[in-house]
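Both complexes below contain chain A, partnered by chain B and then by chain C.
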Partner chain A sequence: MYRHLAWLSLWRRKTRSLMVIMMIALSLSGLLGLQGLYDGMITHLINTTIRSDSGEISLYTKEYRLHKSLDYRLSPLSKFEKELSRIQELSSYSVRLQQEGLIATAHKSLGATIKGISLENEQNFGQLDAFITEGEYSFGKGNKGALIGSALAKKLHLTIGSRVIFTAQDVNAEINAISFRISGILKTGNPALDEHSVFVSMEKISAFLNLKESATQIALRIKDTERISEVQKELQILFPHTDVLRWDELYPLLIQMQEWMNIFNLASYAIVFIVAALGIFGVMLVSVLERMREFSIMLAIGTPYKTVRDQILLEASLLGVAGFIAGAFLGWILLFYMSTAGVDMRSFEAGLELYGYSAVMYANMHLYYFFQAFLAVFFATLLSIIWPLRILKKMKPIQVIQGKML
Partner chain B sequence: MKLNHVYKTFYPDSPKEVKALTDINLTFEKGEFTTLSGESGSGKTTLLNIIGGLDSATSGQIFLDDEEISAYSEEKMAKLRLHDIGFIFQAYNLIHVLTVRENIGFIMKLLKFDDKEIEARILELASILKIENILDKLPGEISGGQQQRVAVARAVASRPKLILADEPTANLDSKNSERLMAMLRTLNEKEQVTVIFASHDKYVLEQSKRIIVLDDGVVIEDR
Partner chain C sequence: MRFTLALKNILKSKGRSLTTLLLSMFTTILFISYVALMDGSHHQIIKSSVEIYTGYAHVNLKGYRDESSYENLIEDAHSIDIILGDDASIKEYAPRFETYALLAGDEKSVGSMIVGIVPSAEKTLSKLPNSLIKGEYLNDNDTNAIYIGSELAERLKVDIGSQVAMVGSSIDYSIAADLFIVKGIFKTGLFDFDAQSAFVNKPYLDTVMMSENKATYFTLNFHDNDRIDQATAMLQNKLPSEYEAVNWKTLLTALVQAMLVDSLFGYISISIFFIVIFFVIMIFSYVNIYTRAREIGLLRALGLTSKDIFGMLFVEVLLLATLSMVVGTIIGASIAYHYELHPIVISGIAETYKEYGVVSDEIPMNFDLFTIAWNALTIFMLNLAAIIYPVAKINKLTAMEAMRYV
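== the complex of A and B ==
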């Protein structure tokens, strides 16, 4: 009986039912969109760091990260490369040689880090070429070109073709200088690289620092990111005198920032969730309260309370499910759009870059978002009918019928 | 049905306290056609609601077939209303999402009557009450007089022992009032249903076999 009544009530009040479904659907799709976007922002931050610098795991000599001295370099490289080629879990690796020094133009000089890399390796490793915003992904003829971080280029007023002089100590503590022409400007989203780094060819920097077969960092990409810790343990056994560090160990600040962002995101998400839940709660509550008279008539003529309760429960559930389906569909469209076309936030570019976020943000899309959204609708729907059901249970139907209540 | 020393006080022990009924002692026999009469605020609707178990007495006892129903739980009272009492309200109080047919058959459906039996009873009552042509309409699509006739059909459909009608003619014109009273009288005579009205409508009073007059919550006349 209650099934029939619930169905009739929904079907014969089409406008009201549609309004409730639309309200739930809109709240839900907003919730899904925001969750995907927040998730996407954090994933982007981690991805750019992994792609542009740390990989999932990096190898350093034990003292290097403390002293940043070339005395603590990985050498001979061939020995490391031979061992790494045997590890099947690796998808690629990149060998880097870096030294800190001074970068100067005719007008200004700043502290910077010069990084020797192989363009081809970096392309395979993390598609470094995709970060180029001006110029080309090349060191030019005779490897005399350099790629420079966008923030550093801005500080030094450098453009493509500008000449810079880099001064640093070589392995023998002799101060040397080398000149480059800027061939490309890149923006990785990793503030450490964008504000301080100059990328040059591995051969050129090796010769400049008087080194052979040496690197300061070997960054590794892992095929199965679920197995990072296991691979780290394997590598530590293989290279016992080397620091084998995961990306999150290398960038504790990033993790801290991520945690802060997570808290901020969680708070924002909670607010949106509460607003959406309150929206659903409000609509469902009103839709039950406005029909108190109808339920009172039913109770007055002898309908058991259980029948009325089951009818309200079923109606709310049907509306909740329909709202969820519509909301999940709208949310999927929104997430699909935001994950492919991205969200253009160029108006807030400066602020976002400060935290390493991209001006065009891409959302993530996971199945669990929809599961969480379903739970949100389920609880909001359940909450919305508990109160009216309590009122219905306590009241005398005749008081409602006579207009003495509500 | 027997009422022993029934009192009803609204907002007891507060400045708003209202003594709606005072020491009501009445007996209603099977097949009666009675009207509770009196001015507005005399307590007739309150008394009708207490008889029908829609409201509870502050003190006193109510018996139906020698069983004290004033001590019933809400659940048991709802069961009693469903099985034994039919209500006709002043404002019709039909269920708006149900068609006329579904409204008439509503209580029978709750009582799990057979579908064929329900349909036969609906057609029978529709014929008596002359509402055959509106059976598939929703309450919002029919007139007030028609709605009241549907309310009567719903009240009598499951053949309750008692029909309680609160100002059933208040919203009807004289023609519809006459028709309604004639129908209730027929049902009372044909099906031996006890009918109790709360009304101060002169026509209803003329049609009643017994009139109980209330004034300020006290029975002042029973004839």
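== the complex of A and C ==
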């Protein structure tokens, strides 16, 4: 019976109930939209970093990351490749050889990094070909071509077919120069690559740097991302004198950004729903106060307090659930739109690219967002009825009926 | 009479009035502090970029910013020097010659930005001299002395007294090479800048690069950098037509845009909070007004018009909103002022976010009266807007309907 009473009471004051439902729905959909969008932005950064550079795990010699010197290179490569081919958990790997130097056109020069790669391996590794914005994914005839980061190409005013000269020290500390024609321009979203990198064939750079069977980095993709730590340990045993590092160890800022985002989301939910609880409280308090006689009569004729309490609880819960359903639906529409059509921020492209964000942002959508939102609404609802129930508990039914106390 | 009635009503429902008052006050404090913190951190990032090296404004040849090559040099630096010297609005200025070259230590080479500067002039124009961490800053008589960034020194594995070879191209595109001795090492905190930049006394670098009486641009500070748009426009009128004066808003477009996007997301995030506050105030007003429906009906029956009722209820909310705005603004502004003078310190934040241009662990707030005023007014208007619906709804009832309202 109390269920029916709760339902009727709720619609006795339609406007009040609708205001609470709208408050929950609008704030919830906004929070869901922001959570998905922020999550999507960070996921994009992580994905492009893994695809274009770190993989899930990367191998370096112990000193390389500190000194960035060819003296600290992985060699002989065949030894590494032999061992890696035996590891079932790897889906692909990419061998890279890089050196810092100076890239120059006829008119301008800039500091840059030259990276020797295998196009086929990189395609399997992170679909590097998908990042091509101009030209083709090829080093051309005789491997005389180079792919270049979009921001670097822009700074040097390079187009497809432009000639560049790269100057750097080889393994013997001799300064050498090599010339390439630009065959493709890449936009990975990873500022380190887009602003500073030139990709050339592994054979060409090995000859240029006077090296054989050498790499500065071997990046690995893992089939099951849940097993990254296990594979890392396995690799560390296989290569005890090598740095075996996960992407989050190589790019700690990304994981820190993700953690900050989670804290921000939790704090937003907490602040918004504590205030929302006040709104629900306002409605529930008035709703209880204006029915004091009604509740007193119920209690006086023998209705257990528990039934009255459950009725109030149910009223608040119905408001919360209705708000949640409306908010989750609106939030879902918002997230669906932002995850498929994206949010076009191309008018701020330069600013976003500065930090590696995509100019068209796509939101993520996960079931746990809705679960988290439900918990927030649930706790806000519970919080809002503590005080009204306390008043009801302390009430003296006979005195209220006699009109002596209200 | 309206005022007395409103005051009585406010005091009659103390709980609800106090909740509304506290909520509005808290929102005002939160909004002012949030925006002050957001603006403060953005201003600091931009200020660091401007004051450490870029400068408030540049004078360069038109086309230089699109293609910063030797084709777009200031060919007669002396004539520009005279124009800038005669401009009373300019506080200080100096020419710079920026180029890129390969710097090589004993073991390693790195493509770097080499800048010819007037060492004495940079003491007030930039933070280069103050950023010295080892050795000595340059002087105007130095010849083959080089002042390099700490990260660059690490990459090149050089220290004070080490020899660094430079290979680049002079302005006639012939090879320019020289040996420099590291005189000083600086650390500005701008990670990319410290990792890529080196400075040489301009008159000496000019002999190496054959760039006597030439400059890539002049950097300058105005006496009143707060009115930089007008100052830049006035300077432009004094320059020959082939030259342009641009200020930091143009020079750092990407950074300005990035901060704008960050602000945009900040406002979107806080707007969700406003939605909840708006609804809570509206619910409280609605409940408050409807619990007095009979009283309002009686007043209408006594001859008060719906306009009078609106006026009475409006004065109530006006009193509460004004009080909350005044107290909230005083507290919020005090917080902003205090933290502008004594910034919040988060240890390690500069190291973590160094790639994002964060140079200090201190995050100051921005105390700006105009910003504080519009922040406070926004919350004030939100308060007033929240009662429109409840008042309109009660005014739709006739006197009899209101008196019979249960």
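Worth pointing out:
Simple rule for what comes next: the second predicted complex is superposed on the first by the 300 of 406 C-alpha atoms of A that agree within 3 Å, B and C clash if a C-alpha of one lies under 4 Å from a C-alpha of the other, contacts with A are read in each partner's own complex, and residues count from 1 in each chain.
Basically, a contact is a pair of C-beta atoms (placed from the backbone, for glycine too) under 8 Å apart; a residue touches a chain by one contact, two chains touch by 3 or more.
Small disclaimer: the values here were computed from a predicted structure and weren't measured.
By the touch criterion defined above, A:348 reaches chain C but does not reach chain B. In the superposition on chain A, contact of A:340 is made with neither chain B nor chain C. When chain B and chain C are set side by side, the one touching more residues of chain A is C.
When the two complexes are overlaid on their common chain A, residue A:298 makes contact with chain B while staying clear of chain C. In the superposition on chain A, A:307 makes contact with chain B only, while chain C stays out of contact range. Shared-chain residue A:175: touches chain C; no touch with chain B.
Once the two complexes are overlaid on the shared chain, A:396 sits against chain B while remaining clear of chain C. Looking at the shared chain after the overlay, A:286 reaches chain C, while chain B stays out of its contact range.
Touching chain A in their complex are the following residues of chain B: 45, 49, 54-55, 74-75, 78-83, 85-87, 89, 91, 93-98, 102, 106-107, 109-110, 138, 154-155.
The touching residues of chain C, when paired with chain A in their complex, are 16, 19, 23, 67-71, 99-102, 104, 106-113, 155, 157, 167-169, 173, 196, 253-261, 265, 268-269, 271-273, 275-277, 279-280, 282-284, 286-287, 290-291, 352-353, 355-356, 393.
Across the interface of their complex, chain C is touched by residues 15-16, 19-20, 22-23, 26-27, 30-31, 34, 38, 67-69, 71, 100-104, 106-112, 157, 167-169, 173, 175, 252-253, 256, 264, 268, 271-272, 275-276, 278-279, 282-283, 286, 290, 345, 348-355 of chain A. Those residues of chain A whose C-beta lies close enough to touch chain B in the complex are 1, 5, 8-9, 12-13, 294, 297-305, 307, 396-398, 401-402.
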